[in-house]
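What follows is a pair of complexes built around chain A, which joins chain B in one and chain C in the other.
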Partner chain A sequence: MTVALYMYTKQPKMIDIIKNQSNYLLVDVNLNEANMGNAAIFKSEIISMLDLHHKKIILSLHQVNYIDSTFLGALVAALKHAISLKADIALVGLKKDIHDLLTLIRLDKVFKIYDSFNDATKED
Partner chain B sequence: MITTEVPKKILLVDDNPLFLKMLSKAFSKAGFECTVAESANEAIRKLAADLPDAILSDYQMPKMNGIEFRKYVLKQPTLKDIPFIFLTDFSDKELVNTGLDLHAIDYVIKDTPVNVIVAKLNNLLATVSKQRELSELEVKKAAAALNIRSVPHKAPDIKGYEVNFWHKSFQDIPGGDFIDFIQVTDRFSFIILGDVMGKKWMAWFLSFSFLSYIRAAVRYGVLSHEYSVASILEKVNQIICEDEALKDILSSLSLLMVDHEKGHVTYAGAGDLPLLYYQAKTKKFESLRCSGLLLGMFTNVEYDEQQINMQPGDQLFIFTDGIIDYAVAGDTKSDYNLFAKKLETITDSRNSFDKLKQFLVKQPPASQVDDGSIIHVYKTA
Partner chain C sequence: MPADALEEMLAVIKTHVHEDAGMHELLFKSKFILTELLTNAIKHANTSQVSLNLEITDALVKFVKTDYGNPFMLPQIKDEQFKDALIITADVMHTLYAKQKEELTYFYCHENEAPSINLDNDLPEHFGLLIITKAADEFFYHFDEQNRANTFTATINL
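The block that comes next holds the complex of A and B.
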């Protein structure tokens, strides 16, 4: 029973590691709406990932159509945690609305934002 | 107050696709928004993406059964309080006892007519909702008794200007938006609009911490003859970053200082949406942007400020993200430019606040996804 539970509790795939390289992780965010309902889980999963791997996370947000302020707060908290570990979080695949919002509230100065995964990994 | 009528969401979990289809059809017909999962595993994935108002789960499922699924749900802080009901094929005393230990609210035997299952769920959610309302009422009463407000009763009289504001809460629960007007001397008045990132009660409670620091920084700034909104923001940000209780809590802020003697307004912003400035002379809007980051993000951040020389008929619109968010066909969007375009159609050189308010009030409640606030400043003379 314990083994079975462990297997299944590892299943919630709000975020998926698509690629694990020596200096970065490419992580897919499987959400249509990134909001208050999923922000806390997202934050704890990303922080666990940072604690485990200690390297840059490239978050692919191509499936995300909306981000609310609670989720943005979780994203920034994760970035602050990354910085404290001398790691980083970069964003790729942003929909236009989301990119515009991040620019309007100056989060584009805080997160490295790239058009594509290739651009995000060029300097690594 | 606007009360939103959002359909209740239910997650239906059963490994029998036919039964699931029948249940889903009945619940949808009764006005529920249904999400279905043919296994506990699939249900867990769906719960990671969206939270329902209730979970109705089969007990007997291959691999992970209903009890194991319930145990998983209870371990998740964001899921554990969602009302959970078991569907069973039989009345099993042992299962009932195990389930009660796992805080399942009820059991439904699968043979029960589907309309009875729907009615049972409706009654359950009505009870949960009533309980929640009563708890919220208690908090609201306590807040009223303490006379704490994150939004003032009325707009202030500021010489040479007409100032108005509009605020809407989300699902009738206070949120992270806060508004304040402070007249510190005969010469200076301050206008404050902020938004603590988050929703509902938690954000509302935290907004008071931010407001207290901002009020104190404004007063100290004036006492020390430091009339710079950028400098006030720097101090507020520094204090917030050093306050352990506000760790990882962020807020936007638009801070404006009206100088009655010189007749101008100075603005500084922290991660706020650009202000929209209507100039009566050109009949055009301009977007006013500051470069400052959200409060609480990093220490020692520099903020900039800009002076606005408002002329009679000129108008400033200062607003939070709840004003530009909307839901359409089940999807949520943020669109600053769309709101800016709407403002262009309703603004002229007369005070346009009433028209703006009419537009905002007419927005369908179901399209609201967050609390929203807007302050309107109209230069009279």
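The block that comes next holds the complex of A and C.
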């Protein structure tokens, strides 16, 4: 008797929907390094998510410790797409130096940034 | 830049700079200058051969990145107000300039005073040079024609 044993390993997705509410999605970014190596895939995945759900995305970056300009460009491109759909992208869980970087280049005036998920959903 | 290599360089800075020198801000600026210098080399110079030198004195921390890829192409749009400045990018939030001084090209930027950021405006999607220009106290580029070497130098004053 031959027994075939298949093992499936689940690859973690780059972005995961943690909560799907009527007016927003809470989405986790499963990256330690958000950089030019994964920016294009991230942009394409988040844009597909916006096209499918047509609602505000609260993006949790609490796992991200390193970020570069290419990934920031992808975030802005995704925000523009969200605005064109009358949706939005808000950011939560930013590490202090990533928050400071956004402030340095004034992206804190472009994205709504919240300290916590609860703060991000207060007005919804 | 791989995270472990970045952390190694930040550890060198931490070891060699006096604690009183505003360490938190220095490490924050250094982290993103290093990240962007190497991202720029990979994205634009189209080369895998990059060297990065770190110089630390009592007065400054200097990052010198050299690659042998494509030279940096300067834009040819002159600023109407500052005739000797070339505009690299201009958007609702910043204007990024380049200014030639002998063989060096210095980068600097101006924050535009838009009353509010209108998200319908064209927002920029390229931030590499802007990050280094704003994080560094001085940032310039040099092209050595003989050796076909691009050198970007960013300095943080202590």
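Throughout what follows, the second predicted complex is superposed on the first by the 112 of 124 C-alpha atoms of A that agree within 3 Å, B and C clash if a C-alpha of one lies under 4 Å from a C-alpha of the other, contacts with A are read in each partner's own complex, and residues count from 1 in each chain.
Going forward, contacts are C-beta pairs under 8 Å (C-beta built on N, C-alpha and C of every residue); 3 or more make two chains touch, one makes a residue touch a chain.
None of the values given here were measured: they were computed from a predicted structure.
Aligning the two structures on chain A places chain B and chain C in clashing positions. In the overlay built on the shared chain, the residue A:13 is in contact with chain B alone; chain C does not reach it.
By the touch criterion defined above, A:31 reaches chain B but does not reach chain C.
When both complexes are overlaid on chain A, the residue A:105 reaches chain B and chain C alike. In the superposition on chain A, contact of A:77 is made with both chain B and chain C. Judged by the touch definition given at the top, the superposed model places A:47 against neither chain B nor chain C. Considering which of chain B and chain C touches more of chain A, the answer is B.
By the touch criterion defined above, A:66 lies against chain B and chain C together after alignment on the C-alpha atoms of chain A.
Put simply, chain A uses residues 32-33, 35-36, 65-66, 68-70, 72-73, 76-77, 80, 97, 100-101, 104-106, 109-110 to touch chain B in one complex and chain C in the other.
Listed in rising order, the residues of chain C touching chain A in the complex are 3, 6, 28, 31-32, 35-36, 39, 42-43, 93-94, 111, 117, 119-120, 123-128, 130-131, 134-135. Chain A contributes residues 32-33, 35-36, 65-66, 68-70, 72-74, 76-77, 79-80, 83, 97, 100-101, 104-106, 109-110 to its touches with chain C in the complex. The part of chain B that touches chain A in the complex is made up of residues 40-41, 44-45, 47-51, 63-64, 68, 71-72, 75-78, 176, 195, 197-200, 203, 248-250, 252, 271-274, 291-294, 297-298, 321, 325, 331-337, 369-370. By the touch criterion given at the top, residues 1, 4-5, 8-9, 11-14, 30-33, 35-38, 40-41, 65-70, 72-73, 76-77, 80, 97-98, 100-101, 104-107, 109-110 of chain A touch chain B in their complex.
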